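First comes the structure, then the notes that go with it.
Here the chain labels run A, B and C in written order, and each chain numbers its own residues starting at 1.
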């Protein structure tokens, strides 16, 4: 739409004023210094909905510069409407190049997935976070959960996991599985699947988490221990895709979306990371030649 | 026996005030005699200068009328709310003979989880009523660093068995239990980490006589088997007579008499104690 | 083009935007004029400037036009715009006691110094649709209104003479307890919030709160069993002057103009102070524009948050985290976004649990 041209003239580079960006970066630095600790920040009102990625967007905008190449995904998909919308906004108020290739990107903003190709030391992955407080489902009050973190009083959340096992025979948390950062703070990895959680452990890249509505920033810096909460005899388990492969590229080693083909009346699978899937197909085509 | 003359828990000049306090009641001498209530600001001095020693393997009784400050005393020791002033030291505390009221919140949690067990007068405070009974015990074990579900469950089963709760009900929530069963779940929770000190607040109140007798038996067995030191709060002198070697009598927040239980029952000194003993007879 | 969930995203968004424009204009003879919205949709504009926290009636009217009349969406547009604006100066503290009042009522006292002024209000109109508005000629109608208005009520007459506030009278008689000590002035648009928040943050959050949410919460607090029926000591609507310190001379000020506000002071329960004094507690509400119900709700909620209690409206996290229109709308509406991954993950857990349950039953049957 025509409104994108005036955006560059009427708004500051990367939308936010420089003072705001600086403040967000300061909060980010603190977050990097204390892995998993939720740093409160003065979350700005953004031109996309609260709960639609404003935290991640503020991180991205506070960090982005002309040399950057941006990738935005939602559910692993570059072409998901919300990813497209965020990407358009960042482009409209900066001039950065965008890509769908995770390996080309310097900055990746994501909702609900970590790309299949490991994040490198020169890359930053920014997550959009709905509920940053992993203790929220055992302690509704911020005032109290802050104390629990400060004193590392985590028996409440462990008890919840124990009760889950008693009731269901296993821990029933799907995505957003709580983990311990560097043996100190339990943190919410945002609603990524359990499949992605091990990618945070002792990784090369920097992972930043932004919660706009809840006004918190936290980080998993490179080479941080990330241990999913699990009992000795009930180990952490990722989603099961035994015997399934991507219908498009044949991958058996990526997180798969389950789809239902109404015409054929059967379930099939497809890579959730669309950039990865495309590359696999391209590579396959080359090998085929 | 270990160090006979060194108390396991030593409490000195413990003060617990509810309310802000004012110029008048900050000096307890100014309170009207026989009252713990400040007429100026409405504060209550629930514990007024309480001192005592508790030795290993000993059961110390605390009696007194309703509102005399018994629950406030044990809850203060369990760090449920901060004391106004005073000290308490635990001989076996690994940080040494320090005033535990001044320790950090983390250390207080350590003491709660490793050195003390508590049974509340009101089981709704002591238990997470909508979690399973086993889970209530598990929480204590987890807090002490146990992360093996099978081990946790087998220890919880033992503990429940010990207090005669059928193991088949382990995964049920205590909200569905009778009052006596809830008290027994609380006891097994308090015992989970084999603490050297147990604080028991009216454990038998409201139980029928047969259950009461079994709970008293259980307490004596725990004392025998583990040499656990206990503070037993009751307004029932019968319970005190049965369990306690020494007894402390409280009235309006003050300790008005202390000594060997037999002596107090036979030859009470304070008029209030005399009244108490006579009403029992 | 059909909407295929996540492919063709780029195209789908462009199309959605175009369709939006089409629906906005398809049956229009001429486009709505922004000034007409600003001047004739006064309460809607007031609501939007109040909930966005930006006193910009004309921009609010523009936002309303763009949002096709959705006040939540319009407030959102203004907030997002405001967050990019530079903060050049801070105004001096406004004294609502100096307000140029257009309306002023008290439900506590029949007779208040300076007297009550009913002013513009629909409170005592009958809610009957006025069909003559269908064919109204603005200038003629206005002229006829002015002819009918009593001379002393002619809005062109300046009421600048300030009225002493009812609360000040009570205060002078020692009947009112002073507000809880102010612990630091924060700016909720610039400073991070950590609970418990200082009183200044509470007031700012409430002042920008969603009219509907605040009315509902205030209503709930009046109905519960511990409730005390608040009394409106004073509700006043009018213009207050905004001034800034004159940068070149320390004791001079510059006037920036006036903004319209609604101010409410309610008397709630009374409290006993430490020194034994018994005094009324004041509830305070202030909003941009004429937003009377919201200002009353704010005064009630503000007072509830300053007192202890067990009901939801005593709980500052509960109230303050849920009354913001932009945040609540955003979070609820984000459910429209795809959640395929989280759902897939949950599906996996469910299947595993089903398997375990089945195994358990098999065992029991054996």
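The rule is simple: a contact is a pair of C-beta atoms (placed from the backbone, for glycine too) under 8 Å apart; a residue touches a chain by one contact, two chains touch by 3 or more.
Keep in mind that what you see is a predicted model, and the values were worked out from it rather than measured.
Chains A-C form the pair with the most C-beta pairs in contact. The chain with its C-alpha centre at the largest distance from the centre of chain C is B.
Work out the mean CA point of chain A and of chain B, and you get 48 Å between them. Spacing of chain A relative to chain C, judged by their CA centroids, is 34 angstrom. Averaging Cα coordinates per chain places chain B and chain C 51 Å apart. Listing the residues of chain A that touch chain B in their complex gives 147, 150-153, 155-156, 158-159, 162-163, 165-167, 231-234. The residues of chain B lying in touch with chain A in their complex are 105-106, 109, 128, 131-132, 134-135, 138-140, 142-143, 147-150, 152, 171. Taken in their complex, chain C has these residues touching chain A: 6-10, 12-14, 17, 76-77, 79-80, 82-86, 188-196, 317, 326-327, 329-334, 337-349, 351-353, 356-357, 360. On chain A, the positions that touch chain C within their shared complex are 1, 11-12, 15-17, 20, 27, 40-42, 44-47, 49-52, 54, 74-77, 79-85, 88, 111-113, 130, 140-143, 146, 168-170, 172-176, 191-195, 213, 215, 237, 239-240, 255, 257-258, 272.
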